[in-house]
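Both complexes shown next keep chain A, but they swap its partner, so chain B is in the first and chain C is in the second.
Coming up: the complex of A and B.
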């Protein structure tokens, strides 16, 4: 294996890892504030990507032909729309079920995911077919030996890193972040400190769902194609990533995302005769990690009350 | 009637008769308008009955006279099959209901009693089905034994997951089985030996020279060949039901309940948590595997797409819809989940959407399921 090919694999792995990490961060945020798993997260991503695509079509109809302007409007629309969707889901499906068993929340959001996915398939024009996603980023690339460094990938990675740094800053350096962390740590104490619990939960869901929309657009730009099923896979992978990292820890989610992408890449490289087995390999390692560290790599701090 | 300490068998019997009649009407209806009308009538009737409090009598009657009503339920299933004795499609649907019920009974032992999550039900079902595909094609193992081996292999595959399942809890435990479900489906797809994405043919069942895939002629009446499978599936379900019921009522069931409700407390009272979790997980997988093995032979065909994560979710949602821990509720829920989408062919495209919306509605408005599990009876005739 030469260096150029290796660099190519690393680059692909990083791109995948970035998308997984963005999804996983959403799972971790939701889990942090409400202790629930919102499984429709992946399908929110799908809806976000399709919203962006519809916005693109709308922009072209309006006669806007600037790639940059299109992209910005698409990102803003998709992110805001999904943030709104996240708030609606949290308010009307997740919060009413707070006292129910965790499995009920898991199942209701899974079913909501099905509703979203089926709605895209049925109600988006020709939604059942894969849709081409416009290549809005500059397509120039530099050849370094065998390694073809695509400029758009670099841009997307940078954007992803910036978003993650932004989230990190928001959580650790702002008053809102402090409130989110307080709610995550102890709901009752946070309430007595004058934090508006419902508002913080809704903001967190908006934040996480906005991230999913961003990841959805990124997915579209990377593959130049989206279909109604992308969210299901990304959702499950993002969930696994959040879990192996350790729920409730944002670093854990990022670590988990890149780790999963790394495993897939390793699976592809190490098993060249059977690269189709890369997912089998990756999920087997996930199961092994769960056996080794039952609460994720970065352990959740649990104090069991008897 | 309630509170007197004795309920007659009649409310249960009447409810069973009405349900059977309704089911026959629904299965027999061909016109879409009629089907939609029947479904609407059914929903209204159930809501009205619940509002009038009729279900309390029915469930009390089922608790009191379970054995008698169980025999009647077998009779009712027989009646349904007798009405549709030459209709391949309806019989296949009925068999699907029976075998899915067996599988969800297995899930019920795992989740309903011991509290062990399993999001890979369809995968273990698939292990059973692929076992019968491979063994029937390449070996001459007697086919009844194949069913047993299917169950055992599913339990064995489950035992590979034991370590992570036992060590993790809650959401972390969910991911173990979810990962297994995805792993299993991907594995089947990329594996050439097992037919890859196209799947495999499964030879029909044959016991002592009696081929299950031939139509039956008795005098002038010809029966669909599915009748063979129907009888076997019904026997399997009856056996599984009795097993699960006995298990629930025994001291083992008591241990499992204690374990689910409070692991720490159960441990403090000296219950071996690990042992009972393993027992429940393996028994559950065994039942799922047997059902899968028979289902493989019924369908005559296995493919990875039939054993996806989505199918596992359908099994879990049957459990939740029916009311966790109540085998009768499970069967009602299985009938709803299997039959309704099949009968609503006009809205073919929209059926998953409607189905998902239905589950959401149930979870929002009746989170304990359609028929919640009654409180355990410690003595015969005892009432909480």
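Coming up: the complex of A and C.
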């Protein structure tokens, strides 16, 4: 295989991996603080992407024609709106069920996901159709042999890396991060240390859901098309990525995301049989990894049994 | 048996009371069914079909001469075979429902034929194009007003070859629908023998990312990318082709002939080919009548490509019930002898498999944001050129 094509595959895989990683980080954050699996996470991403699209339509109606300004407003609106949605979900659906079996949370968020998804389809104008997402980033690209290097992809990857670094910094270098980690490690001790448990949980859900909105906008910019179903699949993949990485570990989630994207790309390119089996291949490897390391590739420092 | 005299007395009484104002209450209620994908990715087509069938029922109920008052029971197959079998069983098991217009998705239509057969429930398929639906078995319950994908793929392969294209990469979804398209297109292309297939890629029906497959295709550098599947992933593939700088012609099937395809892509849709059985709604014998009535009802969604067929299917069911009465067996017996029956989609003739033998295939190309008939397009007369056209 020539180098240009290889570079193209790597680029495709990196973009895919970045989106998976951003979703997976959300799953890991929620699991960290509350030990819950929030299955509506992918659909929050969808709602985020559609919020951004609606904002775009609104901006155009107001006569704003600057791509950069549009993009900034879209990102801010979508992120804040989803952060708020995340807080509402945590406060009124997830936290009241804390003393109930974990299965209940899983079920209720699974159903909420369906509600969100179908709401987008029913209430967004012509929501059942695939929607074109505006290409707001510069469309320049350089052809290097068979490799079509697009400037917008580079920008998105950079932005994704910056966001992940930002999250790392927040968790490891700030007081808020310390509080989140404290809650994640031991809720009761954290409480006795004077940490406002409810506030920290809500902030974490806001953070994770904001990340989902960011990933949603990125998904729209990358494919220039969104539809009400994007979150479902990304949710499943993001969740698997978080699991193989080791639920509760941020690095694990990121690693898991890129690993999964890599597996899918390899599944399409290297395997002799039809590409229809790439998901079969990728998920089969995930199963194998889980059998080999049940707590994920990067283990939590203190192992928890769920 | 006591019902008929009662009905006769009632209707005579009603007629005496007021010639014109025949009260609807006096008519017996008859239930008919409709099944289509009302949620999920192809729901626009399902809702368009539902509205069109609903239109047929409404017009019939508004007609003072009709013998019964009809009620349409609507169920959602979600375009998923497992769900389809459930709703088909539910509908067929309800003895009050006499007949139904069913299924847009081939995957669901093929999954349910046995159910309809088992319950002796007459159905007319209004949108699914997989040949096996009518041809795999010889079920007297199953009929279809639209054509099959064999015809459209013959026309497709013929046009591609005529335009001088030499290499084709095939992408198809891995449902019965996509696999069928792949099979019949490949056969048709091989029979003509001009262009060859350089690669075939099966993809899942809800796949989001096609960059890996398309990068592989880019290396094969085909003139044409043939796509056997439905609108949602058609939009994604076409849009991602552009991202990767693939300049090949995008050649679709009836599955992408919908307004949603153009809305989803904007200018990128330009120059896409697609094929469909029958003629465009406006050009159908009853197309103008249908569109007028449809628009008068102010439905939220357009009828989409197969709306007219859903209308024709439902209308034929209602005609038959008017003629032989609300009895499944009699309806089946009557539908076995449909020959040159007038409908808004043209004359309908069912062959011994209940398949309408529609000869017309319409070739489309997207030009300036519309599906234009190939013969009328600027691509056919040479004013514009398709990608790679000589």
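Methods note: the second predicted complex is superposed on the first by the 298 of 306 C-alpha atoms of A that agree within 3 Å, B and C clash if a C-alpha of one lies under 4 Å from a C-alpha of the other, contacts with A are read in each partner's own complex, and residues count from 1 in each chain.
As a working rule, contacts are C-beta pairs under 8 Å (C-beta built on N, C-alpha and C of every residue); 3 or more make two chains touch, one makes a residue touch a chain.
Just so it is clear, the model here is predicted, and its values are computed rather than measured.
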Chain B and chain C placed together on chain A: clash or fit? clash
Practice prompt. Using the superposition on chain A described above, determine whether A:118 touches chain B (first), chain C (second), both, or neither.
Written response: both
Practice problem: Please indicate which partner A:209 is in contact with in the superposed arrangement: first for chain B, second for chain C, both, or neither. | Solution: neither
Touch check for A:9: first (chain B), second (chain C), both, or neither? second
Counting only touches as set out at the top, which of chain B and chain C does A:129 meet: first, second, both, neither?
second
**Asked** When the two structures are overlaid on chain A, which partner does A:276 contact: first (chain B), second (chain C), both, or neither?
**Response** both
- request: Kindly classify A:290 by the partners it touches after superposition: chain B alone (first), chain C alone (second), both, or neither?
  value: first
Identify the partner contact of A:107: answer first if only chain B is touched, second if only chain C is, both if each is, neither if none is.
first
* Asked: Which partner does A:229 reach: the first (chain B), the second (chain C), both, or neither?
  -> second
Overlap of the chain B and chain C interfaces on chain A comprises residues 118, 274, 276, 279
Chain C partner, complex, touching residues on chain A are 1, 5, 8-9, 12-13, 15-16, 118, 121, 126, 128-132, 141, 143, 146, 148, 150, 222-225, 227, 229-230, 232-234, 264-265, 267-269, 274-276, 278-279
Within the complex, chain B is touched by chain A residues 31, 37, 93, 96-97, 100, 102-104, 106-108, 110-112, 114-115, 118-119, 122, 236, 239-240, 243-244, 247, 274, 276-277, 279-280, 283-284, 286-288, 290-291, 294-296, 304, 306
Counting only contacts in the complex, chain C reaches chain A at residues 39-41, 43-44, 47, 174, 200-204, 206, 208-209, 211-213, 215-216, 218-219, 231-232, 235-236, 239-240, 243-245, 260, 263-266
Listed in rising order, chain B residues that touch chain A in their complex are 117, 161, 163-164, 167-172, 174-176, 178-180, 182-183, 186-187, 189-190, 264-265, 309, 313, 316-317, 320, 349-350, 352-353, 355-357, 359-360, 363-364, 367
